[in-house]
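Here it is: the structure, laid out below.
As written, the chain order gives the labels A, B, C, D, E and F, with residue 1 at the start of each chain.
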Amino acid sequence: MDEKERFEKGLAVRRAVLGDAHVDRSLAARDSFTTEFQDLITRYAWGEIWTRPGLDRKTRSFLVLAMTASLGRWEEFRLHCRASFSNGVTTDDIKEVCLQIAVYAGVPAANTAVKEAKEVFAELGIKT
Amino acid sequence: MDEKERFEKGLAVRRAVLGDAHVDRSLAARDSFTTEFQDLITRYAWGEIWTRPGLDRKTRSFLVLAMTASLGRWEEFRLHCRASFSNGVTTDDIKEVCLQIAVYAGVPAANTAVKEAKEVFAELGIKT
Amino acid sequence: MDEKERFEKGLAVRRAVLGDAHVDRSLAARDSFTTEFQDLITRYAWGEIWTRPGLDRKTRSFLVLAMTASLGRWEEFRLHCRASFSNGVTTDDIKEVCLQIAVYAGVPAANTAVKEAKEVFAELGIKT
Amino acid sequence: MDEKERFEKGLAVRRAVLGDAHVDRSLAARDSFTTEFQDLITRYAWGEIWTRPGLDRKTRSFLVLAMTASLGRWEEFRLHCRASFSNGVTTDDIKEVCLQIAVYAGVPAANTAVKEAKEVFAELGIKT
Amino acid sequence: MDEKERFEKGLAVRRAVLGDAHVDRSLAARDSFTTEFQDLITRYAWGEIWTRPGLDRKTRSFLVLAMTASLGRWEEFRLHCRASFSNGVTTDDIKEVCLQIAVYAGVPAANTAVKEAKEVFAELGIKT
Amino acid sequence: MDEKERFEKGLAVRRAVLGDAHVDRSLAARDSFTTEFQDLITRYAWGEIWTRPGLDRKTRSFLVLAMTASLGRWEEFRLHCRASFSNGVTTDDIKEVCLQIAVYAGVPAANTAVKEAKEVFAELGIKT
């Protein structure tokens, strides 16, 4: 595949998952510092991985939430917490993920995950 | 629920996921240093989390593989890689998890995950 | 032990360590997303571990500060920094913990630990 | 070498790299909680490591940016991002470091590194 | 660029850095589980990042050693320790990296880095 | 203090904690790659931190076990598990540390800690 085509494929799924508003903002903010990085992650994370048919997007959301909480990458956790609703994840699913995080990555990681998730829910107007 | 009942519930799912041979070995090796720890993880990790109906066991296997690889907890990764087959995970699923790990936890974590998974497949006589 | 009794035992020590104000706030904020999580950590972290006679609470505070700083779980570090005073920890003790963190988890972790601790001291009106 | 001399050597390079304003602020803020810590890191990090002739300061900046991003030590990342300009690092260099972080520590670490770097650039009035 | 061309560019630099023997072994071991992963890392890690002119390969080796030691990715640390000699890194350079790791990622990470590096030197017949 | 004196002070406590056999082996193995590193850690980790009167050695052992397990620095965990007996730590103390690790750093970290500790006990001929 040509890399331009890969970029377009990646951009489409990135838009579907993260939403047009977020992606437009990222693209508009591109400058000499971030253009290559934006290009790389669009092709690499989105064009290569998220487009693969081997796992559904809901499962990919679960994987990303689990990894970002474990590693304390909270900005990405928030981003994908918000995005996961586009992939069919529910607040009950996220509750289960947080409980599993408590046991496998420790209670402090889960505490922060719960707090961050609740803030995302509030931003989205989701009641729990 | 009484904690003895919780232990029994946990032990049943632990046996179903990790296999009788592994669990019998763990229980037989209990001594004054490990008995309370074995009891705790059987009730909490297995009795509380793995018995919850909110996510199927296959998804829980995915979450554990993603978290243990991210945190470099390789013994637990191997254990759950092996166990995941009881939960319906396939080698193709594990391939997808490894690819997602590469992007979200870094290529070195994925490299080791691939190597460890292949060793588990070899032990189980699984051809890929 | 019945799990309700475990919860009550955990709640008592949780109140003793974190203070009634914090625990009341956590309990009051429970909803369908957090109730099971609050229940789990009250029984598991507090009811099982913090109630054990094997180590005094001061030592348990030290362990938690060391682990949360190492893993960058700063919200939990702050919470336990504040709580550690109820367990007899002094600002001099926390200074020693920060120095040990510098060598074993790296100077950047210690830098943040020092900064977070000082903010907690300021909130509590503790002069150093 | 006497440790006072080590402190002075460390302070000189710390001032050269982090700037007088930052170091004066740190020293002025010393109290019974932080004096020994400030003394230790000035001798240990700065007096021992940053004064060594074996690697130029630019390379040491690269190493610190890579390690702090990997471990999520973002305050230290910002500090050294800002300081790296004194060592001859350019915004293009930091872009390369962020791209390498994406592959070796994962895309979420790189995303935060890019964001933090851009905030530092903005504070310094650097256009990219 | 077409992705086949990217793969070839990546393979060339991967061979130059890791050596033909290692790369031939990796390619020969490809199967249905690893082919896509090998393809992905050859194009991204090697074809995208290591081929960029923005940093010389010696600096990229430094970055990878620092990140893999910080994250405890020891297999990748060994691989790149060995490979770094092709990029002009010397044992004295690696000594400096280990000293910097001690301060920024903690003494235990540096202890293991020193031990792993010495084992690589011994395998390569390098005296220190 | 002169740094030679600091080294001697550090060496004395290092010998007291890790044992003469281990320290003699480390010193005998010094070469151009490791001499400066050995010197640095003897003066800083041992001469500066472990000699401080602010915390007893038993508590410092606890802190190191907690940090090294959290960060997955298993070689250092083993070293300090073995050494902790010189500081008055008992197998029951280590059991408590492992239980606390399970909750704060996750069950997989505790699983490996338990296994590593048991191997150290076996090497030392300690029955549990």
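Structural remarks
The rule is short, and it goes like this: contacts are C-beta pairs under 8 Å (C-beta built on N, C-alpha and C of every residue); 3 or more make two chains touch, one makes a residue touch a chain.
Not measured: the values here are computed from a predicted model.
Shared contact partners of chain A and chain D are B, C, E, F.
Considering the contact criterion stated above, the chains in touch with chain D and with chain F alike are A, B, C, E.
Interface comparison, C-E versus C-F: the pair with the greater number of contacting C-beta pairs is C-F.
Chain A and chain E, compared by their mean Cα positions, are separated by 29 Å. Between chain A and chain B the centroid-to-centroid distance comes to 24 Å (mean Cα coordinates, whole Å).
Centre-to-centre, using mean CA coordinates, chain A is 40 Å away from chain F. Of all residues in chain F, those that touch two or more other chains are 40, 44-45, 48, 67-68, 71-72, 76, 95, 99, 102-109. In terms of which chains touch, the assembly is arranged so that all chains touch all other chains.
Interface residues of chain A, counted against chain B in their complex, comprise 44-45, 48-49, 52, 54-55, 59-60, 62-64, 66-71, 76, 92-93, 95-97, 99-105. Residue ranges of chain B in contact with chain D, taken from their complex: 103-109. Against chain B, the residues of chain F that register as touching in their complex are 72, 91, 94-95, 98-99, 102, 106-112, 114-115, 117-118, 121, 128. Interface residues of chain D facing chain F in the complex, by the touch rule stated above, are 1-3, 6, 40, 44, 48.
Residues of chain E touching chain B in their complex: 31-34, 36-37, 40-41, 44-45, 67-68, 71-73, 75-76.
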